[in-house]
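Quick heads-up: structures coming right below.
Paired with chain B in one complex and with chain C in the other, chain A is shared by the two complexes that follow.
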Partner chain A sequence: MKFLRHNGAFVALVVVCIVGVARYESFLTVENLSNILRQNSMLGVVALGMTFVILGGGIDLSVGALVAVAGVAAAMLAPHNALLGVLGGILVASLLGVINGLLITKARIQPFITTLAMLIAARAAALAVTHEQSVNISGDGLGWLGRGIAPVVLLLILYAGGWTVLRHTRFGRYVYAVGNDEDVARLMGLRTDRIVIGTYALSGGLAGVAGVMLAARLGAGLPVAATGWELDAIASVVVGGTLLTGGEGGVWRTLVGVLLLGVIFNLFNLDGTISPWWQWVLRGSFLLVVVVVQSHIRPATLPS
Partner chain B sequence: MNLRRVALSREYAALAVLVVLVLLNSLFTPHFATVSNLWNILLQLAPVLIVALGMTFVIATGGVDLSVGSVMAIGAAIAAVLMERGVVIAVGAALVGAALIGVLNGSMIASLRVQPIVVTLATLIGGRGLAQIISNNGELMTVSNAAFLEIGRGSFAAVPVPVLLALVATALAMFALRAMTIGRYVLAAGGNARAARLSGVPVRRTLVTVYAASAFLAAVAGLIMAARLGASDAAKIGQNMELDAIAAVVVGGTALSGGRATVAGTVVGALLMQVIATSLNMLLVPYAWSLAIKAVIILVAVFLQRPARA
Partner chain C sequence: MADVAPPSLLRLEGITRRFGAVTALDRVDVSFRRGEVHALVGENGAGKSTLVKIMTGAYRRDDGEMFLDGAAVNFQTPAEAQAAGICAVHQEVHLLGMRTVAENLFLGREPLRWGLVDWRTMMHDARVLLDDLGLDIDPAATLSHISVARQQMVAIARGVSLGASLLVLDEPTSSLAEREVVILFDLIARLRARGTSIVYISHRLDEIYTVCDRVTVLRDGKLVATRSLDGLERIDLICLMLGKSREALRLGATAFGGRHAAAANVEPLLRARSIAFAPRLRDVSLDVQKGEIVGVAGLLGSGRSETAQVLFGTAKSTAGSMFMNGAPYAPGSPRDAMRAGIGFVSEDRKADGIIPELSVRENLTLAALPLFTKFGIVSRVRQMAIVDRYMSRLGIRASSADQNIRELSGGNQQKVLLARWLCTDPELLILDEPTRGIDIGARGEIQRLVNELAESGLGVLMISSELEELVEGCSRVVVLRDGRTVAELQGDGVSEHAIVHAMAETAL
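Let's look at the complex of A and B:
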């Protein structure tokens, strides 16, 4: 039971993979598996940042819009210099993440409202700057970032980095402390505001990385890119087993959550008989089932 | 008494901003202060306000309902599919079907103790798919039943039907919050669920009722949209409505933390957002910039109404 409690999503992933191997010949091929990883690499990077925010007791609805802003910024800067494009995209999204954190901690506006407003404003900025057109990246300085093995390697490096930060740095420990009980953390002498701002900056920065990867892959920065990704990222984090109430969870669980949802989506595609609309219904139902199961195998950690 | 005065002045703050905006617009925006434009604002406002009323109760219980947009699409799809059996059956089935989604939301939240944001996120995702499946797998279903189209286009004693529906819904919501037991229960459950339960408030039943009401109202809004369009578009109807409704509620002064609610505030909040959207549109401000201004207004309104630090 204890194993299930902490590895429920992993067990589900194994089960789903076994189903895939048994039913579809083309599932267990290098091409298909690397496809799953590549297609989910950008969402995975976004979900990594979301994990930090949720562990710290917050929520970030703005990530999808930040992906778009970073992609547009990267596409506009890339003609000058590819590296400038990459760094510029990530920096802009990080700054917007810092603004989220400042509004939440200093102006004391709830995370839900702050990041909702940022979602609207950042999307608006992306649309305004581009006059609602996609920005093509001339030349091929960035293309490698979105193709082949690069996105997958980047994903794994970032998750390893995220794990190291959470488990082996003071900041990581403090994120758990703030997520468990912010008042207690403050009374213990932690600078909770800085830690919270840090989580939103990280979430923004990682959304920026995903935005640059997406722009590189598409060969263009799209102001309407990544619409609704905030919901997919939250779903991945929750399915992985990180509690929305904060203070409990981790980054590998999120990766398992991302892969679980990704493999299920892949099986739908391999099957080919399930209409996209039914896929949505199944995704929604699956999210509900997982969360209900989780709330029942660990009742003690949920608020009554 | 003092607290009450502060609360009242906050409520009036949003109203004051609204009055100032209307006055400024009347002076400086050409054609703003015309009868046809005012009706136009009210017509645009009606569906958002109807959804926001349900959202006010949900937020007062300390929850949130992200599924309203999808439920609007489901309501419109059910009505469109069943229209050949008569408008009464079609509309009735749409409202009942939507309310059942709300019951599902409420039961999961109340009995299984899953967070509202996750449950309604799941029904947002699944509900949009369901709306497409009901629409014969993603067809745009045109509706030509004259009686049904009246819901979106008709008028009664010079008042457009959508505005009339919004007025009725507002009056009912005010009555429910102030004069009915459910209103007390909602505030009690949102203020402190455990204390409410211990003092005999049927918290579970209250939550199920509130989410069912939210879905029911969303379906009404969905029917208005479908009747106005003359079609049920399962991909488009109600998209991002959850954000607009939540914005109207919090701008109006209902706290996201629960335990407090103001129906009048929600009306003011929804009006404020609509007046801004309409006037920016009339002043030919690009869509993207009007979105950005909307975001700033949400933040400022919430900032002004935040509780003092404990």
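Let's look at the complex of A and C:
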């Protein structure tokens, strides 16, 4: 029971994989598995940043739009210098993340509203700057970032880094503290505003990394890229077992959540008989079931 | 022992604090000695919490001086007070429930190794710290998984490890079981032996006499006295808290007409036997007859308001039994209580009583709305008839029934609340501090009104901290102490003297 409580998503992932192996011959092939990983690597990077925000008691709805902004920025800068494109894309998204954090902490606007406004404004800005056209990346300085094993390796490196930060740095510990109870954390002497701003900056920056990866993979910066990713990222974090109210969870759980949703999507594709709309209905139902099951086997917060 | 006072650790001189027109603290002088456990007591509004907040940097003072180790100090924030060694541990533990004990102890100053948190050292240091204080707590345990008492000890240990030389414990035992209290007292003794000063705020006299060396009594924002507890009789301490001189526990002058003869041995309207609601209410029994005013007396924290909550169904009794008109009564909600014929005018008019945005008419008829509502539609005609009747009967002074209740005086607001319940035609009315915060004139009117209501057959249970009001208004007074009925006074036995003695639990 205790194992299930902490690893419910992992058990579900194993079960889904067993179903996949049993029913679909093409599931357990190098090609299919590496496809799953590569297709979900960008979303995984976004979900990593989301994990920090949610652990700190917030929510970030702007990440999908920031992926698009970063991709467009990278594509526009890349012709000058590939590295400039990479750094520029990440930097722009990070700055927008910092603005989210400042509005939430200093102007005291709710995270939901702040990041919803950022979603709308950032997406619109990406469309306006590009005149609704995709920006092709001339030359091939960035292409490697989105191809082969590079995205997967990058994903794993970033998750290892995220784990280290959460587990072993003061900032990471303070993210948990703020998500547990921001007022108490402040009374205990933490500078909570800085920590909250840090989580949104990180979320923005990682959305920027994902945006650059996506642009490199597509060979273009698309202003309409990553629409709805914020919801997929939140779903992955929550399915993985991080509390939506903050204070408890971790990055590996999120990775399991990303893979779980990714494998299910893959199985639907392999099956090929379920219409896309019913796939979405099933995915939504599945999300609900996993979260309900998890919240029921979770111990009460205050056992007597 | 020669009467040479040991040097004081923290000395407060002439501390004054105003909130608007209200003076919460008026030139209070106190000094806390090194290594003493110093009780701070007083009834509601005495100024205890304001004083503590000034000491710990949560509030600023308007006037006065503070000296720590002889040097003038002026804390702007709790962090500054903490850095100077003054630390408060509150009733609700201000710690992180999802984190481990060790993390809570070292939050903000985690040991680092190459820039990363050194968990091994942190666990080790936490264990040493806890062992040192004689606390058997696993530093790796999640805080919310240990008992509230232990959480409180962790908060104290954190204060100690932050270098606190003066710890303020604000009602530390209010949510503890008795055996946990023992552990806490043990810790307090240890800290005192180490030279830590402790300011101990509590309503429980037993505890104060068990752990404290001296006591400071505040009343209405003023210092009453600081005394050594050695040789101070309980009855004298209570007299200090209530502002009575022991010799002059006498009849006061209220508008209650006098005594009601206790009704004969008929089936009481309300009978409560050994009701309990943890942690404050342990064993309370009382009867109310028709046409009788029964008083409930007790110090703050004795379980007075909790009794009302259980009777009115906002808290569920965990033991004992209750009967209304002889029938078993176990309300699950105020709605059940209203159906059984009980009305309740709460202690805090502003928070629980009036709805400030609404008119006199709407406030008055709130509880009785179902009576003149058909198919969800409120009959305005019947509503107005009732409002007119009660406004004239109770002498509610408002420009019209549609005046906003917020604009009325406290006394008139209270009358509206009384009317609210009277128009539901109750058999029993529970009044919690019916005259608190009401000016003298209106106070008399309300007392007269309650008297008239009882004479017309209504049973009244009146909770009050005004001893005169109880003595002159009630035919019987039930005295509570630490959540238990400790005395039931009747007829000529009802006197301030007897009530105070029952509160102190000393023989007459």
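In this section, the second predicted complex is superposed on the first by the 299 of 304 C-alpha atoms of A that agree within 3 Å, B and C clash if a C-alpha of one lies under 4 Å from a C-alpha of the other, contacts with A are read in each partner's own complex, and residues count from 1 in each chain.
Everything that follows uses one rule, which is that a residue touches a chain if its C-beta (ideal position, glycine included) is under 8 Å from a C-beta of that chain, and two chains touch if they have at least 3 such contacts.
Computed from a predicted structure; not experimentally measured.
J.: Assess the superposed three-chain arrangement around chain A: do chain B and chain C clash, or do they fit?
T.: fit
J.: Applying the document's definition of touch, where does A:V14 land relative to chain B and chain C: first, second, both, or neither?
T.: Neither partner.
J.: So, A:Y176: does it touch chain B (first), chain C (second), both, or neither?
T.: Only chain C is touched by A:Y176; chain B is not.
J.: Please work out whether A:A185 is in contact with chain B alone, chain C alone, both, or neither, and reply first, second, both or neither.
T.: Only chain C is touched by A:A185; chain B is not.
J.: Taking the superposition as given, does A:A160 touch the first partner, chain B, the second, chain C, both, or neither?
T.: Neither: A:A160 stays clear of chain B and chain C.
J.: Look at A:L28 in the shared chain and tell me whether it touches chain B only, chain C only, both, or neither; answer first, second, both or neither.
T.: In the superposition, A:L28 contacts neither chain B nor chain C.
J.: Comparing chain B against chain C, which has contacts with more of the residues in chain A?
T.: B
J.: A:E248 in the overlay: touching chain B, chain C, both, or neither? Say first, second, both or neither.
T.: Only chain C is touched by A:E248; chain B is not.
J.: Working from the superposed arrangement, determine the closest approach of chain B to chain C, counting only CA atoms, in whole Å.
T.: 6
J.: Does any part of chain A touch chain B in one structure and chain C in the other, and if so which residues?
T.: Shared contact residues on chain A: 302.
J.: Contact residues on chain A for chain B in the complex?
T.: Going by the criterion above, the answer is residues 59, 103, 107-110, 112-114, 116-121, 123-125, 127-128, 132, 231, 234-235, 238, 244-245, 275-285, 287-288, 291-292, 295-296, 299, 302, 304.
J.: Write out the stretch or stretches of chain B touching chain A in their complex.
T.: Spelled out, the residues of chain B in touch with chain A are 64, 108, 112-115, 117-119, 121-130, 132-133, 137-138, 194, 243, 246-247, 250, 256-257, 286-292, 294-296, 298-299, 302-303, 306, 309.
J.: If we count contacts the way the header does, which residues on chain A are in touch with chain C in the complex?
T.: That would be residues 164, 167-170, 173, 176-177, 180-181, 184-185, 187-190, 247-248, 301-303 of chain A.
J.: Taking the touch rule as given, give the residues of chain C at its contact with chain A in the complex, in rising order.
T.: The touching residues are 78-79, 82, 94-99, 103, 107-108, 110, 112, 115-117, 119, 144-145.
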